[in-house]
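Note that chain A is present in both complexes that follow, paired respectively with chain B and with chain C.
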Partner chain A sequence: MSDPGAVGGSVTYQRLVHKNSSGFHYMKVSLVFEKEGKRIDGAFFKQLIISALRNVYGEIGAAFPFDVLKFEEKSLTAVLRVYNSGLVKLWSALTLLGSYQNETCAVRVVQVLLPYQYTGGP
Partner chain B sequence: MAAFADLCISGTNDKKRLQSIIETAAHLGYSTVAINHLVEVQPKKQEIGKPKCVSELFDHFPIVQGRSRPIRVLNRLTLVVSDTSHFRQTADFKFYDIIAIYPKTEKVFHAACMSCDVDIICIAATEKQPFHFKRPPVFGAIERGVFFEISYAAAIKDSTMRRYTISNAISLMETCKGKNVIVSSGAEKPLELRGPYDIANLGLLFGLSEGDAKAAVSANCRAALLHGETRKTALGIIRTVKKSQPADEREDKEAPPSKKAKLDAM
Partner chain C sequence: MVRFKSRYLLCEVCVSNPSDLRLLDERAVFFAVKAAVSRAHGDYGTALIGMCFSVKYLNAHTGVVFLRCRKSHYRMLWSALPFISSLESRGQRVPCFFNCLHVGGTIRTCQKFLIRYNTQQLHRLLPRCRSDKERSEVRKAVLSCSLKVFRNDEEEDDEDWGGEEVAE
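Our next item is the complex of A and B:
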C-alpha cells in the first residue's frame, strides 16, 4: 500500500485495484460439531470436505483441486487454498454441509482472503 | 450498506434453544432476526394468538459481532393457506412485525401476490412447488413491494430437500429475474444457521447474481421490514397539489421566446 499524500492540508486518496494475479483464494474455516470434544485429524478433515463436495456436485463437479494448508486439531480450524474458479463451488459445498457420518456439524467460514492478505498461520 | 438480517427463525417453546439460536445469529453477524410463528389457517378456527414478548427472552440481548449493538429480535407470522377464502385479516396481525404467507395452491399464490396485505410470500423448500410461477402475479408482487422468501435450513438437513429447494429457487428466478428475493434460514437449531456471506455465496447457486444475492440477506430484508412497519403506521396519505397560476402569468409562458420569434418571421 502506498501512503496517501497530504497536499496543502487536504488528503488525497489513491485508488488501488488489485487483480488477483496468483489465481488463488485462501479460506479460513472452522468446523463445529454438535457434540463437543470431538477429535479429528487433517486427513479426516479433507475427506469430510471431499464428501461434502461430492454430495453437492457429484463426481465430476467435485473434481477440482484445493489444498488444506493448515489444520489445527485443538480448535478444528483450517486454512484452505483454492483456485478462483473453484471458490464458489467449495464455499457453497461447505455451506450446505450439515452432517457427517450421522453427526450434526457445521462449517463456519471465518475469513476469505486474497493472496496478498494471507500472511500464514490461522 | 444495509445490515444483515435473517427473517425466519423457527419459534419453539424451548426458550433455551431459542436463546442459543439468537446468540449464534448475533455471533455470525446478523443485526436483525425474526422469530417465526407458523399457523395453518383453517376455515372455522380463526385464532392466531399473541406472540411471546421478545424482551422476556434475554435480560441483555447479545451483541452483534462487528457492530457493537445488541441484536434486534422481531416476531413474524407465517400463515399456511390452502384456499383463498381462508385468508382473512384479523386484529391479531398487529402483534406481529412481519406477516408472511405460504400459498399451497396457485389460486392462493395469485391472490397473495396481487391483493393480500402481506410482506413475504414463502416458496416451498420441502416439496416440489406444486404450481408454476406465472409472470403476471410475480410482477404484480414486485410492483407492490412484496418479497419472495427461500429458506435454506431444509437444504442443509437432507439432500432430497436440497434438490427441491434449489430447483424451486431456480424456477422462481426464471420468472422474477432475481428481483425481490430474500433468503432466510428457517433454522430450528443453532447449527443450521450460516453466516450472511455464506448465504450470499449460496445465492449464486439459486441463480441470483452477486449483487442480488447480497441484497437478499441485507437490503431486501430491510425493505420487507419497512413494508411490515407501514401496516401499523401509515394510516392515510395527504397529497398537496399546486393551484393553477393567475391568467397574466400564464400567457407569458405559453411558448418559449425562440419559437415565438420564428412564428413572427413567417
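Our next item is the complex of A and C:
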C-alpha cells in the first residue's frame, strides 16, 4: 500500500498504512460447474452459500451477516460483502463447497478487496 | 512440564420424572452432546470437540455429569449444552435439559464445588421438611457431608466421591 508521489522531479515513496475502518471486505467469486450450461439465480446462489456455511460451522457458527451485492447469471460471478470478522469463515466455507443439486461445482475466489478498492464494477 | 490442559464441565441432567434418571448411561450422554455440538457448530465444531471429549463420570441417582474437553475449545461445548432437549437411551426418549453448574480446570476443584453445592442444597431442603423424622435425617446428612469436606482437606484424597451420595 505505498503511494508514489513526485516531488520536485525526484520520485519519493511514502508508506501509508491503511486501517480498514469501514469493517468490510469485498470478495469477487465465481461459481464453476463441472458440466457447462447450468443456470442459477442470485437467490439460489445465496442459499447455496448459506447451506455451505451451515454444514461447516453449524447454526451458531454460521450466524453472521453477509451480502451478495451483485450476481451475474451469464458468467456466474458474484460480489460478496462481509464483515472482517466473518471473512475467514465465509472463505473457508466457500472453499469446502462441493456440489449444488447433485452437480459437482466449485467456487473460485477471484479477488478480495478492501472498501476503498471496490469501485462498484464486477 | 507441559501438559494438555482440559476443562471439566460439571452439569446436572434435569428430568421431569426422577425415575427416568436410572435410564441414563454414559453413551447416551456422549452421543446427545455430540449431536448438539454438531448441530450448533457444524463439522468444524464436531472435529474440534472430538479430539478430547469424554464423559468422565455420571451419577444415575442424582443426574450429575462430568464432561471433559480441551481447554481451547470448551466454549463450543458449553454453548451447545442448552440445545439438548432429550436423551435417547435403551430405546426410550427422555426429555431433559442440562444445567451447567460449574466449569473447572481439574476434577478435584469440580468435586469440591459439588460437595459444597450439595451441602447448600441440603440446607435449602431443611426448612421444607414436614415431619420430625425427615428433619432429623436431613440434619444427619448435612453433618455427615460437612465431615467429609473436613476429612478431604486433611487427606488430599482424590477418589473420595462421597459428596453425591449424601444428596440422594
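Assorted remarks:
Throughout what follows, the second predicted complex is superposed on the first by the 112 of 122 C-alpha atoms of A that agree within 3 Å, B and C clash if a C-alpha of one lies under 4 Å from a C-alpha of the other, contacts with A are read in each partner's own complex, and residues count from 1 in each chain.
Keep in mind that, in the parts below, a contact is a pair of C-beta atoms (placed from the backbone, for glycine too) under 8 Å apart; a residue touches a chain by one contact, two chains touch by 3 or more.
Not measured: the values here are computed from a predicted model.
Judged by the touch definition given at the top, the superposed model places A:W91 against chain B, while chain C stays out of reach.
Touch criterion met: A:V32 reaches chain B, while chain C stays clear of it. Judged by the touch definition given at the top, the superposed model places A:I49 against neither chain B nor chain C.
By the touch criterion defined above, A:G58 reaches chain C but does not reach chain B. Chain A has more of its residues touched by B than by the other of chain B and chain C.
Overlaid on A, the two complexes show chain B and chain C touching the same residues of chain A, namely 55-56. Those residues of chain A that touch chain B in the shared complex are 32, 34, 55-56, 88, 91-92, 94-99, 104-106, 108-109, 112. Residues of chain A that touch chain C in their complex: 54-62.
Partner chain A is touched in their complex by these residues of chain C: 37-45, 79-80. By the touch criterion stated above, chain B contacts chain A in their complex at residues 28, 155-157, 159, 162, 189, 191-195, 197-199, 201-202, 204-205.
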